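Going by the order they are written in, the chains are A, B, C and D; count residues from 1 in each one.
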């Protein structure tokens, strides 16, 4: 089939390649003319035969918002927009409504896979009307990993991004689990080979996983991670997961602890711990570390 | 080689079977005569040719303590005792010293694998002197999974149980990660098929793992887990992990949150939440739920 | 001075009384004619001499929004609106802009004190332009507790509600602190008189506080809180505090733990613990509690 | 009455002074002859008329253990030993048994008050037999604050130290509550005067407390705490509180979060966050901060 693809960065470019390898026609647009097949959204729309499917793969927030609004003007009734970016699920309902008013369908799709996706396939979680999803299915089939897993119709519009967001929240806590265990093993004198312990866990254990395999890969490059700073960024989806949990009164202690550990890792000197030190000094004459 | 094996319950019995399949001779003792090959520890020791290797697979704490003390009397210099039970790592040093005073070697071994071990092999983490471990190696090789992973010499005496304990601590937080994500997905109306989302994650995602596979198996039996109570036991090793972290001033927020969630799940009516309700009532005239 | 006061419920009614006792004129409006001094917002505005100060004390969200919008139409340049309700701080900036476009000033004011306020005074945290606040100052002086504390100009528009929100977040964690300690003391056999321990802490300790006094009052009514359910509501400001922390990448582990403990207290049967039980069953053949 | 007091450091010296001011006779011993009234424990015991009361105020652990053992040899049946140090409650039962075998009574007493105690009195929590406590009561009355609060018979031997330990656990979480709130207020641009917000909370709020007063004192010395490092020690009792909770399966999320925040504050570079960074790098090609 024919697909319009907007956004040809690292992620979008690889996806174009994987879709083409599956035999589909992709017309790609990017603000960077070196990457693009057409020079404008207008041209992209013109070149696609209707009814069209246009996949948006641009940064979440304002860029996606602007692109959807522009497509609402350019596309025709019966066309479909797929938002494959990292949009917050709360944006999806608004986009679905905006497009529905013009007779245009909307599907949101959370995409996981990163740098490994081109070769191994991308995990896909999509939301929207069944009829719209059926129209996009050949593209989903091209992008997903081989085998029976890796793609799911998660629910209504927004459910795809919601599922991807929860995936990332789970990922935060799993990473934190391995990280806490690794630090504890490294802290104990009688344990002499933490890297080999991690390696041994790759088979026969309850905690074997792809993330564990990656941890071993990392330790093979730098046994005690001495070349890295204990500094971890966060990409938005962990935050949104906690906010969604608060909206629904769901307790998420492990995922939230993982998010807060990242926040704390980025502080040179913790303000709250200054206050603890100050209070200890006031009530107890405890010695505190001054600068 | 020849092995004495003490404790032939579900776990020990399967291990005897796996070791025998590998061609070794196992003489087993259990308090239950229906399971045992010999009728006493004394007989077990007599039947084994020296230098002996005796593997203890009885409940942690007092039973293991008593068995090690009895073996200290029965065995000869040059023999080796392996504690393969779920002992706390702090017991290992004491046992190693007790036996060393008699010239007997000591190896501790954390064993993971549960009901899957007989067929797939057991993950093994062992601690002790290299020479002692070399003597037990054929048994380790028989028990471990096929392939290059699943067994490790973790360090000095106690390091094997310590590594297994940390494994279980990580397991607690990984299970909690999936559980939190599952509850959040189930809480949201627009997400209509949580089980299929979990199934789709088996390939192409960052969070694919054996535990995820088990979660899908569980959901296939009972899609919304309606047949289960939200009640989770804990087996000691999660607690010890947190205590070890406290000893070493290592922050373990996610693992500890997972342990506390289990504690709370076992309370019919939370005392601390009664106090919160009481305080709200005092200061605000807030309506509280009375019995 | 003269004040218009909109919203004469439990809180607003008591505030009217305290302001009148201080010698000011209050014209009150409420949808309930039994409580109101005038029959409409229009009449309220007409009866007040300009430049007017109108204090809004209605539920946060839509009711406050509607009232502010109506006042924007009815009031004149130079008048001032004070939002004394429990509005989310993010609403304040919008209200300030809406009113500023008409030349009307805006002050937000977080009010603490509950049922104790009429007698002891209300703690006030307000935000806005210094000139506007100076105009409202006589009313703040009437409402605040006697003495030098209890009222503060916290910053720009929104800062008053933000400060009150953080006050409540701190309150959550302080309540949780006492509640955790109380549960632990009640759990230990050798401790025979937990209520008297709490009472003794009222003097000479680091943890003496008004909340502790309230805890003792509650225990005097019901020594083991046996008449209460372990069920705690939450009122929005705890959630907003965590969301604000996430927005600013500030780790709030204790406050968030306190919020999640309340969420969990309201679940009859924890979904996430069902998943933990299911996973334990899958990998270990652990006995789990079935319904 | 007459008291023997062992340990005349900052704390013990002030206590001797407060007891003497109340009209009692104190014979003090310390390893430092400049502080001591007698030159040996033997001399202390000889100078006291029987039946004797001897208060031990030396560091917890080995020093207290050694002193109790020495007293068991020196004292006579009918004498009483009071351990007023910061002993772990689990030591008390052992000491009670050791002394009971000689007919000597044992009382444990948790003491709070620090540098403020000499003037304001010390909060006391004691455990032991009622008859023994009655014998020590005049000393408790001399040490405690004026008024009806500040001293409690908490239960059996060990209950006094247990209650004091829980007091300190609560203290950890209350300090963390204020610290988190303070950091959040400092992080927000529209809030311009955090110190004055804290000051205003001293009256009329739910969160007023002695710790809040101390926080204001600290901010008056250093408004943004810029002279302090965000580094907080912990003194053992927070750790013991969490361990006691684990022993009794009581969830303590806020207190434990407070303890872990202190642990993390003392790490220059967090090992677990290195692992998070390493994993992010492996799976996503995320840019991570290298040294």
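Brief remarks follow.
In this text, a residue touches a chain if its C-beta (ideal position, glycine included) is under 8 Å from a C-beta of that chain, and two chains touch if they have at least 3 such contacts.
What you are looking at is a predicted structure, and each value in this text was computed from that prediction instead of being measured.
Using the average of C-alpha coordinates as each chain's centre, C ends up farthest from chain B. Remark: rotation between chain A and chain C after Cα superposition is 180° (nearest 5). Taking the mean of the C-alpha atoms as each chain's centre, chain A and chain C sit 36 Å apart.
Once the centre of each chain is set as its mean CA position, chain C and chain D turn out to be 33 Å apart.
Taking each chain's centre as the mean of its C-alpha atoms, chain A lies 47 Å from chain D. Annotation for chain D: residues 114, 176, 178, 180, 183, 187, 206, 211, 250-253, 257, 260-261, 264, 272, 283 touch two or more other chains. Chain D contributes residues 114-116, 175-176, 178-180, 182-183, 186-187, 211, 214-215, 217-219, 222, 225-233, 253, 257, 261-262, 264-265, 267, 269-286, 288-291 to its touches with chain A in the complex. Across the complex, chain D meets chain B through its residues 206, 234, 239, 242-243, 246, 249-253, 256-257, 259-261, 263-264, 266, 272, 283.
Residues 89, 112-114, 117, 120-125, 127, 144-145, 147, 149-159, 162-163, 166-174, 176-178, 180-181, 183-185, 187-188, 190-193, 196-197, 199-212, 241, 244-245, 248, 250-255, 257-258, 260-261 of chain A are the ones that touch chain B when the two sit in their complex.
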